[in-house]
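Here chain A shows up in two complexes: once beside chain B, once beside chain C.
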Partner chain A sequence: MKFAIQINSAPWENQGCETAYQFSRAASHMGHEILLIFFYHAGAYNGLRWMMPPEEESPLLKRWSILAAKEGIDLAICISAAHRRGLLEQTEARRVGKLDDDLAPGFRIAGLGLWVDACLKADRFLIFGA
Partner chain B sequence: MGVLHLVNRSPGESQTLALCLERVGAGDAVLLLESGVYAVLKNAVFAPRLAEAMRCVSIHVLTPDLAARGIAQEEVLAGVVWVDYEGFVELSLRHTPIISWS
Partner chain C sequence: MKNFLFVLRHSPHSGSGIRESLDMLMTVAAFDQPVKLLFLDEGVFLLKSGQCPPNPAMRPTAPLFAALEIYDIEGLWVEQESLSERGLSLADLILPAQTLGRADIASFLAAADIVVAC
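Moving on, here comes the complex of A and B:
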């Protein structure tokens, strides 16, 4: 089955991102397809390359990047949510005269239309960190 | 096909589970996860309402979230179905739509 997943909270806010990660990993390992994980609102922070969580925590950022690479999952951050928070991908940063390159490996910037499209194509969609 | 309701807040901090149980229909499933798992404690004030709801819907709880909160098997209300993340995925296959209560 095909899934689309939306995440609306930052990794430090609540458990929603961790649950979303564990769900996506399980579904992927069971042979289902995750069409898109869309990071919306404060969820945009999930892709921030410069996060330095305390060492005793298992860093979710690294695990997202590994999941994207291993399972070929598309990790897309909402462009408006990202810009609002100063999270700029390299090309966009240069365009507005900044030096940022803020996205961790496996993440990309996309519009809300991508989420709508994924929902139409997916058999199920779930929202985490609401 | 019934609806899968996801409730991630404890009855002590939020009305979401109470509101959810007022709106569930026959054949729906409720999955309690994250802090929502506190609702399955058999000695909690919410237990009678949960037991009542089980007459028309199935109530599931995410086992890793119970373990993370130190809740032992014998503390959990009878009739609640235990699932792991694979079980969560299975539930999502058997239900649509999937609603996150917040």
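Moving on, here comes the complex of A and C:
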């Protein structure tokens, strides 16, 4: 089955991101296809490279990057949600005269068109983190 | 082609969420997909006429909904109980909408291919 996933909350806000991560990993291991994980609203913070939560909290950031590398899952952060929150991808940052390089490995910036496209191609669409 | 249903449950100035959700909605409409809106709970206040946001940083959201007319939206639905519990009626809203009873919400949601909770 093909899944499209949307994450709406920051990793420290609630359980939603962790649940989304666990779901995506399990589904991928079971042979399902995760077409896209789209980070929207405060979910954009999931890809912030500079997050430094205590190690005992088992930082989700590293696990997202590993998931992207190992399972080849597309982690896309909405560009407008990211910009509103000061998260700039390197090329885009240079374009607007800033020095930022804020995205962790495995994440990329994308537009809402990508999200619609994934919704249309997926068998199921799930939202995590209200 | 998929039927999208956006469910709006938050009041007008509870954050930038509404603005971002409307961006999603307009993108879906721009992809020529059928879109419906359902206003539940505090979300019914999004359509209330006479909103005067006192904080200049919070730009009014009502005009954004008024602008939906230029998009090909299939329609607006408001839960009757959410309206009446807040002392509102259809006459208080800035846009024409249809009412739906609480008992009919589940089947309304089930009829959509993609439900986007906002």
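We adopt the following convention: the second predicted complex is superposed on the first by the 130 of 130 C-alpha atoms of A that agree within 3 Å, B and C clash if a C-alpha of one lies under 4 Å from a C-alpha of the other, contacts with A are read in each partner's own complex, and residues count from 1 in each chain.
Quick note on the criterion: a residue touches a chain if its C-beta (ideal position, glycine included) is under 8 Å from a C-beta of that chain, and two chains touch if they have at least 3 such contacts.
This is a predicted model, so every value here is computed, not measured.
Novice: For the three-chain arrangement built by superposition, which of chain B and chain C touches the greater number of chain A residues?
Specialist: B
Novice: For A:Ile127 in the superposed arrangement: first (chain B), second (chain C), both or neither?
Specialist: Both partners, chain B and chain C.
Novice: Once the shared chain is lined up, is A:Tyr40 touching chain B (first), chain C (second), both, or neither of them?
Specialist: Only chain C is touched by A:Tyr40; chain B is not.
Novice: Could you say whether A:Gln15 touches chain B, chain C, both of them, or neither, answering first, second, both or neither?
Specialist: Touch status of A:Gln15: first partner only.
Novice: For chain A, what residues appear in both contact lists, the one with chain B and the one with chain C?
Specialist: Residues 125, 127, 130 of chain A touch both chain B and chain C.
Novice: Using the touch rule from the top, collect the residues of chain B that touch chain A in their complex.
Specialist: Residues 6, 8, 33-35, 62, 64-65, 84-86, 88-89, 92-93, 96-98, 100-102.
Novice: Can you check the complex and tell me which residues of chain C touch chain A?
Specialist: Touching chain A: residues 2, 4, 16-17, 20, 23-24, 27-28, 31, 33, 114, 116-117 of chain C.
Novice: Which chain A residues qualify as touching chain C in the complex?
Specialist: Contacts found on chain A: 6, 40-41, 80-81, 84, 112-113, 115-116, 119-120, 125, 127, 130.
Novice: Which residues of chain A touch chain B in their complex?
Specialist: Against chain B, chain A makes touches at 1, 3, 14-16, 19, 22-23, 25-27, 30, 32, 123-128, 130.
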